[in-house]
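Down below are the structures I want you to see.
The two complexes that follow have subunit A in common; it is paired with subunit B in the first and with subunit C in the second.
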Partner chain A sequence: MSSFYLTNLVLVQATITGLLLALSIQVPIRMGVFSFAGAGAYGFGCYAGAILVLDYQMAAVPTIVITGLLAGLVVLVVGLLIAKLNGLYLAMATVAFCLIISVVAINGGELTGGSTGRYGVISDFTMGHMFAIGAIALVLVALSERGKLGRRVDAVREDPELAASMGINVRRYRLVAFAVSGVLGGVAGAMNILVRSAVSPLDIGFPLIVLALTMIIVGGSLSWKGAVIGALIFTWLPDLLAVVGEWQELIYGIIVAIAAVLLPRGLYGVYVDTKRSVLRRRRQEATDKATAQTPPPTSTGDTTDIDRLAPEMEAQR
Partner chain B sequence: MSTPNTAETLPTTGPAGGAPASPGGVAVLECDDVCVHFGGVKAVDGISLQLLPDTIHGIIGPNGSGKSTLIGAITRLTKLTSGRLLFDGEEYQSSPASVVARKRVARTFQTVRLLPDLTVLENIQLGADGRTHDEGPRPNLLKRLLGKQISPAVGEAIERTNLQGFESFYPSELSYGTQRRVEIARAISTGPRLLLLDEPTAGMNQTERAEISALLQSLRTGGLSQLLVEHDVQMMIDTCDHVFAMNFGKLIAEGRPKDVVQSPQVQEAYLGRKWRDHA
Partner chain C sequence: MQDVLSVVSLGSIYLLFALGMSLTWGTIDVLNFSHGSIFMFSTFTAYLLLGSTALPFLAVVAVAVAVGALMSVLIQVLAFEQIIKRARTKKNAEMQILIGGIGIAIIPLAIAQHHTKSNPFGLRESSFSVDTWVVGDLRITNIAVMTIIVALVLWLALALWLRRSRNGLALRAIGVDAEVASLMGVDRRRLALVTMAVAGGLAGLAGVLFTFTLGAITPESGDTLLVKAFAIIILGGVGSMRGVAFGAYFLAACEVWVLTQTSGSWVEAVSFGLIFIVLLIRPAGVFGRKEVRRT
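And then the complex of A and B:
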């Protein structure tokens, strides 16, 4: 192993858990559901993972699987309770869910360890597990952005009424978004406790929402690639910024503000927009060449000719 | 129809042109005393009508007469205040919109509603994605997962709507008329049994309108029932087999397009003297 990898192992781990946390909030946003319940699921996952390992001597993989499923179930129930809400109200209800998880963590007695939390969580978890689970999650999320499912998710977000008129059960998609967000958040939390070995109420709650949102706002909210970019930046940036000492927070804040104002679709959105405008320009150049070579259509208005040229004329608009 | 219809029913001797409406054929869709009230506004107020297979139906009526609301009610996107809806003789007024769509009821909206981040091809494929009635082997799972699969119905819809060459364009790059054609293609690619079109040619020029009219007439086969809302009376006469006239949420006349247009109620309500002189 390279020494870079070993000295930065903590950051590598934080990148993976951060990525899954970001995805847990990005997946519902892609379906037009502004739910932060993924952050609550992360907190839930930290504690559930600790409890399963410490109190039930469970091995790493079953701990992660069971925690993910439980978190998915819990967040699905939250989704069922607040399915009727929308926009800001839904977002607030999910923030409340995150706060409830924190309150339970503080007041959970021996189970959660009160304000000290749980510590000494040692298991057979390896970096191999971590990379494999991260990769599986990423591939599944990436597949959900492609093909039929990707199109239908787009429709549910952009125009639920249109989606329904295309035969899409919008309510079911939204509920699945909650469940998936719970699983991703729960798995991220469980992996976090397995590499960190300790959790306290201070580690979970509102700051997680801010972190995840920062990642997907700067990286890009509509693709897993945006989440990857965001997770990389906001895991490594604070470390790099350590050089500037107390100015760190300020620089961090400025970056987020600039991204929010100038890049509404995030860094990945900049890439997509650039690609599209290049495509458009190429199309234009191609048709310019084509029109230069072919004689201009006669003014007698040969309709078939106009029909054939329609796409080209459109491109020049 | 179970309730007495106050609308004047004009003689129908079959569709104006083309195949006769299947005599005694069962209606694809039936509205029975459908009401949609928004508070005090009676947008749709006791409409009963039948839509037949292989037939192009039209609705005319002044702005605000309830045409779009009726289409909303039929597709279940708009809540009914009362009344019954039947598809193939089966009541469905309490089914959600997505279930109705899966019965192969497709629609376009009065305003363009394309997904901005999907290409023309993908927007149309979105319609074909909902098809459940196709027979034959399904494309393999990997191809489907990777999104490489384009349904044959999409190619056909593109051809019918003359959209060849636009496949990789994004909606924002297209003229309004072309965007509307993409919407029609999306609706067609679902393989509908009932197609509802809410002012599909708004913003189009005469040539484009004639093309759409020809397209709809070419679809008048295989049992498809169509309901077209348009303001262009001449187009309605040229396109439709059967026309309903609405005013203030009620049916005021129905029958052959020419007869409906010339009926005194419709003249009063909608067309004014101009049309009578013209005809």
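And then the complex of A and C:
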């Protein structure tokens, strides 16, 4: 086990950063904000982390915290600017934001290292930190899917007008979505630079958006479990597909295309649907049996109507 | 003067590329994110064919246009129609088409990257050769002249077709309200296929002309053009033919201006910045029709 862990350490690290990146796109989608700004925040986080460690000799944890907050702030400002946009326009404005980040990275001179980027980012970052940060982020996101908050988020996504009429401040929720996605993306980027130790403009930009989006689409967009599935698949798949050799990119593309067309709610959505239909069938069988065994109603007076209805009610529940 | 010339020829390439995207987006609500891949892959197919035989210019163009149209129709049938069939709401369908397009775009890109090892490829083997004419102190290539003429003629033809012909009317009706249009007897599926084929053909044509102009393109060059085309379309206003021409030449002018003023690496930021500015100041674009919203 431990040797497996050590040989695949790079993949484990990539899974955690990939998961946070995927969550940074997924959180806004769950609130009905189709924003890719998380990928831009990731690029921002890579560079901010490198600059803090190299130019200000910061330790790992403060670097990650500061980078996360800065990225959250930047994306929140972007959100304030484009909050009134919707749908495709919003999506494309955030794509433009991500690409502007990479142009700035190329033109940033000393600070960003131009087209070579920054390298040699070494600090006291450990895998313990990484697991802890990943777990905290995952738990917080998972909590936002439950109870009152979860229902409000669903309402904001499915029907903003209805949500507003129920007293939910839709605008505030959408802005929070931007900020949270910025923080998640920034933290993911900072962790990435701390384990990879180098970043160049080629590492951020359009392919990053595609990667984050594919994780969410194949995994499932409406639950953190989907993000976990997606991050696992797309970090480990290229390695497993090494069997197919040089055509792995092609297979990767085909998987994404099929998932996008046929499974709009991702693998997790398929799991939920299958589970539901299996349960329904089981209940159906149970009710059939129960009704077969029930003796024809005789008016002896000790069974009320409600008792006879009980199995049906059970089935409907 | 030389700068004006480069604006016009660069803008013409942009116009050809954005024209197809604008057409599908403005009428059948398909924002096709694999348009860049189609652009690249049809040129790539021509490049592969040129490896075995030296084709004349027109044959290269024909191959690229045919491949582009075919790919576009295939994507429409295999992916977008399926998405529209399954989606619950129109908004969901639009989003999924965007995502599906991004997914599909990976496939041609992967094939081309694998074959060329991500190196640039060109169409040098064609029997067509790029000549430079010198008029006064102006220099212009024959391919630039051809691009400008082809772009303007096709743009005009498409605009007239949309405005004057029966099918154009039907297509515009779909753009306004697809449900009502099909109640009026418009065959939505057939028109959508025709539109996609035209858009794909335009992408293929733009690919060949662009490659002849530059000498070579990389498999990834479709992605950048895609975002530029988006900037062009929203600048002009979705669905507006005048708008797409205005956007294409305006973006080209901005880029050439930035190129002459700075070292050149900021050029890419022009289109992205433009997207932001337009969306903030005038989301409907310069020539856009006003959106009627009930909610």
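Throughout what follows, the second predicted complex is superposed on the first by the 276 of 317 C-alpha atoms of A that agree within 3 Å, B and C clash if a C-alpha of one lies under 4 Å from a C-alpha of the other, contacts with A are read in each partner's own complex, and residues count from 1 in each chain.
The rule we apply is simple: a contact is a pair of C-beta atoms (placed from the backbone, for glycine too) under 8 Å apart; a residue touches a chain by one contact, two chains touch by 3 or more.
These numbers come from a predicted model, not from an experiment.
Once the two complexes are laid over each other on the shared chain, residue contacts for A:222 go to subunit B alone; subunit C is not touched. In the superposed model, A:166 lies in contact with subunit B only, and not with subunit C.
In the superposed pair of complexes, A:95 makes contact with subunit C only, with no contact to subunit B. By the document's definition of touching, neither partner reaches A:237: not subunit B, not subunit C. Of the two partner chains, subunit C is the only one touched by A:81; subunit B is not. In the superposed pair of complexes, A:249 makes contact with subunit C only, with no contact to subunit B. With both structures placed on the common chain, the touch criterion links A:155 to subunit B but leaves subunit C unconnected. Judged by the touch definition given at the top, the superposed model places A:198 against neither subunit B nor subunit C.
Shared contact residues of subunit A, touching subunit B in one structure and subunit C in the other: 161. Subunit A makes touch with subunit C in their complex at residues 34, 81-82, 85, 87-89, 91-93, 95-97, 99-100, 103-104, 106-107, 161, 206, 209-210, 213-214, 217, 246-247, 249-250, 252-254, 256-257, 259-262, 264. Note for the complex: subunit A touches subunit B at residues 143, 146-148, 150-152, 154-155, 158-159, 161-170, 222, 276, 279-280, 303, 307, 310-312, 314-315, 317.
The touching residues of subunit C, counted against subunit A in their complex, run 31, 78-79, 82-83, 86-87, 91-92, 94-96, 98-100, 102-104, 106-107, 109-111, 113-114, 223, 227, 230-231, 234, 265-266, 268-269, 271-273, 275-276, 279-280, 283, 295. Chain contact summary for the complex, subunit B toward subunit A: residues 75, 77, 96-98, 101-102, 106-107, 109, 113, 115-118, 122, 125-127, 129-130, 132, 144-149, 162, 164-166, 168-170, 173-175, 178, 190, 207.
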